[in-house]
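These are the structures in question, set out in turn.
Two complexes follow with chain A in common, the first pairing it with chain B and the second with chain C.
Moving on, here comes the complex of A and B:
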């Protein structure tokens, strides 16, 4: 068997504790994913990635470090990965989606912090995730919520955290401020890597990340079909893995999967009956391995056809303009693209409501499940406005607040089943 | 892959390259196989394994031999017929 223990030991991981996570993963993944029927063959790659989740990609990052490259760890879709790759460095997602890491975070954070933040901090402090322990990795935080802002100060006591200031409004002066923030980030990345970011290099970085987005867009476009050719669980997994994988390989494997899904549509082949209820999930991110809500919905007979989430459309919608040839023009294009993403940290945030309404139509959605992680004040508060907007459109909404634990699994299932019954399909 | 017999058969490998090679060879031949994380009951090491059907074992053995694919072992485990949700 693949033995990564030497690498994990070299990374100073807590092997004994980490082993508990390794023990649970096969059963957790099997229960959610391998229990599905008629999965696309292209999912083989993603099953492989999960099977080797703390092995293959971390070993690539370690190798990159050995060859003198730098790694940047990020926690948010507003961090411009283009800049990192333009400098010959690698950006990797770090968001924690496992209950396993939550107690580690609670050692230094209040219990009433959202599980994503607690898990992200806990994974580092407990030394149970190799991604968080890559030598000299630059942690890139951001200001998308109060919980994160304070968490970075605490995490900074263990490892330096560079914080990107994300605007909270979308006026012209806010976009200009984000342009300046990207300029500062370029300087930071150049200082860390020792590589100058030229317009040619940034242009390549923009194309690289755009190609990844295009592949994810293709996959998700196929989900507009009825019957839907891929389960929501599988589509979610593809997006989750995109945060960690090499972007070129992500685009290649994504396009391969999209080819297969397009063939399925041509053959009218689906993974749910054509009359299955079609659900849009909106709300807070679902970092790997958070598959709970999708599993509940899809084992109740409905299909999740689109996610208005950071682990969904917010991650891959909107491309960066590739025609700019100066750093100033490219940075402006980056700022404009990232400021099109509609997170609840912005005020006002009508763009998100418009996005949900548009996706409801495009994906022929029967019902919306608005799910936020516990203690996320931003998304929880915005749920009022989501409900108001959906009421205007006559689309049923179920608001759910949950965490990573299994404790509320049966209660959630009861609520979801009742909601699906109410849809009357 | 839903279990149809009382047992699942897991093929384990010394590294993921060998696992992916066999996965690819079996797909070429239309032999059903599923990439899965190795269950703890099969090995203490983690990484990929392939779940295959009992009736295909003989032909899979031939492919392994013909293509000189290195495997660690083939493990028979009671089939999980009703997967239950477990968070991790």
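Moving on, here comes the complex of A and C:
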């Protein structure tokens, strides 16, 4: 690994504490990822990114900042990255997926807050993640859940947080409201960057992000095949990295991987036997480096073939209409696209149940694992409706509630193995 | 040909040996701190009975939290599959198995002889045998004494959802001079309520069997039946349900005889 200590020190990170994280990550990644057999060669790039997770991309962001560019940090798939890139700025995902940051978050947040929020706040306050410390970074929060809404107020005491108001329903007037919200966001991004967002620039931004989505769609399409050409863990890693990598490079590397996976399908080459149980995971996002559930499932002999998650289909399934030529038309297209994403923060939210039902068919799924992070009231409540829908379809479903810690690992393993035994494959 | 089921739980390790259609041996050992050692002791015990676990015509299935420590097992299966199989066998047919164990509580629905659905408590010891064990310790009695006290008492509500907080609640009730009997009844009622809640989130057949360590005490089943408004039966072999299921599944898997769902035991009425 290249030496990034000078950069980390310049970013005012807590180096001593950060060293602890640097010590455990390679081992965790090795145990979960490198132990897999017959991985696609295209995963080498993603392995490299993880091996320098706090170095290679942050140094690009620092470089961008030195050249006068701006960086926006986001926490949600409802934030329109297109607008940020249209202004010559960079958007990067910031969600925390490690228990390492949770205690830092608990210093200011109630213990019964979801670990994703605690880790995200903790990573900033503890100064142990370079992504959170890029100079002048604009933090973009959003109003998807109560935990986040209040957390922004507290985080805002440390660093300014711009909050995007996400509707809670999907009526026409809500879509119109989100259109207005995107207009305001354009103004904010223009103010911060000093760059005017022209229809040409926004058109380019839309194409850039659409291309990234298309590459991710291609990869995921290959997972419909049996035997499946890529493990769920690897596919999850690709999506997780897509949140903060350069979008053009993400599309390029993604398409390269998709080429390889399509060749594998032609050769009927897979990473699991053709008769391995095929699992769909739905629920709350799995931010990097949260690989816990995928690891348990896949080491028990089943293949995760699709994620109906923010770190899954919700991130890349829908494209923005590229034919609009005015800001108004483009913003309308953006609002329509983002309001197609089905998160449990909306009421009612039948679209998500339909999505799961459709994916179960498309991906030939044997069983659904509905997993939510602890203290996520929205997804844990909606699990009742997910189960109802799956019962209707005769698809076995297992509900799991967990956090980032390792201490329920064996209990989860028992549940997952019992579920697989029940599927009887 | 012997089929052996070994169920190493968090508190007790249960072993059942099937010889054809009858139980050749069954015994319980405390799990202790090392499942590996427990597995070795079970092997030694079987040796003394003249049963060689390594013999070609002896097949072993291990289950429970310590299942991976049984290095001489021919196969490992989760306690869900094994408790389901064992419970349904004791009930002579499809039923809902409620297993209150030392570390977790499971509700398993059996349909056509296989697991159709199951539910387990979250990572928390409230509503498990562990809760009763901790509270009995706190009151300075053993578990059987706690049940005897409870039978003579009127339950004091214990509202905390967490074992640690509930323990504080029990301490303050003791401090307030409440009777041992009433506190004991409150403790049992708290577990009964949590188990019944879990069961009510599951679907209901009208046939419930209580298995696991708590099935040894009829009082718990009586309270649970009252809470559920359904009959809950117990069986003298109830604590062996997981080991029995494992042995039966070993017979299913390794035996050439096609009598997989044979009921080898007098079913409860």
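As a working rule, the second predicted complex is superposed on the first by the 424 of 425 C-alpha atoms of A that agree within 3 Å, B and C clash if a C-alpha of one lies under 4 Å from a C-alpha of the other, contacts with A are read in each partner's own complex, and residues count from 1 in each chain.
We adopt the following convention: a residue touches a chain if its C-beta (ideal position, glycine included) is under 8 Å from a C-beta of that chain, and two chains touch if they have at least 3 such contacts.
These numbers were taken from a predicted model, which means no experiment stands behind them.
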Worksheet item: Clash or fit: how do chain B and chain C relate after the overlay on chain A?
Response: fit
Worksheet item: Which touches a greater number of chain A residues, chain B or chain C?
Response: B
Worksheet item: Between the C-alpha centres of chain B and chain C, what angle is opened at the C-alpha centre of chain A, expressed to the nearest 10°?
Response: 90
Practice prompt. In the overlay, answer first, second, both or neither for which of chain B and chain C A:401 touches.
Written response: second
Discussion item. Applying the document's definition of touch, where does A:21 land relative to chain B and chain C: first, second, both, or neither?
Written reply: first
Item to complete: Could you tell me if A:268 is touching chain B, chain C, both of them or neither one (first, second, both, neither)?
Response: neither
Discussion item. So in the superposed three-chain picture, is A:52 touching just chain B, just chain C, both, or none of them (first/second/both/neither)?
Written reply: first
Worksheet item: Where does A:411 make contact in the superposed view: on chain B (first), on chain C (second), on both, or on neither?
Response: second
Discussion item. Is A:35 touching anything from chain B or chain C once the two structures are fitted on A? First, second, both or neither.
Written reply: first
Discussion item. Under the stated touch criterion, which partner chain does A:44 make contact with: chain B (first), chain C (second), both, or neither?
Written reply: first
Worksheet, complete the sentence: Once superposed, chain B sits from chain C at a minimum Cα distance (Å) of 14
Worksheet item: Where on chain A do the contacts from chain B and from chain C line up?
Response: none
Worksheet item: Mind pulling up the chain C residues that touch chain A in the complex?
Response: 65, 77-81, 104, 114-118, 120, 122-123
Worksheet, complete the sentence: Per the touch rule above, chain A residues touching chain B in the complex are 1-4, 21-32, 34-35, 37, 41, 44, 47-48, 50-52, 54-56, 98-100, 289, 292, 295-296, 404-406, 409
Worksheet item: For the complex, which residues does chain B have touching chain A?
Response: 1-2, 12-16, 19-20, 23, 27, 34-40, 43, 45-49, 51, 72, 80, 83-88
Worksheet item: Considering the complex alone, what residue numbers of chain A touch chain C?
Response: 396, 401-402, 407-408, 410-411, 414-415, 417-418, 421-422, 424
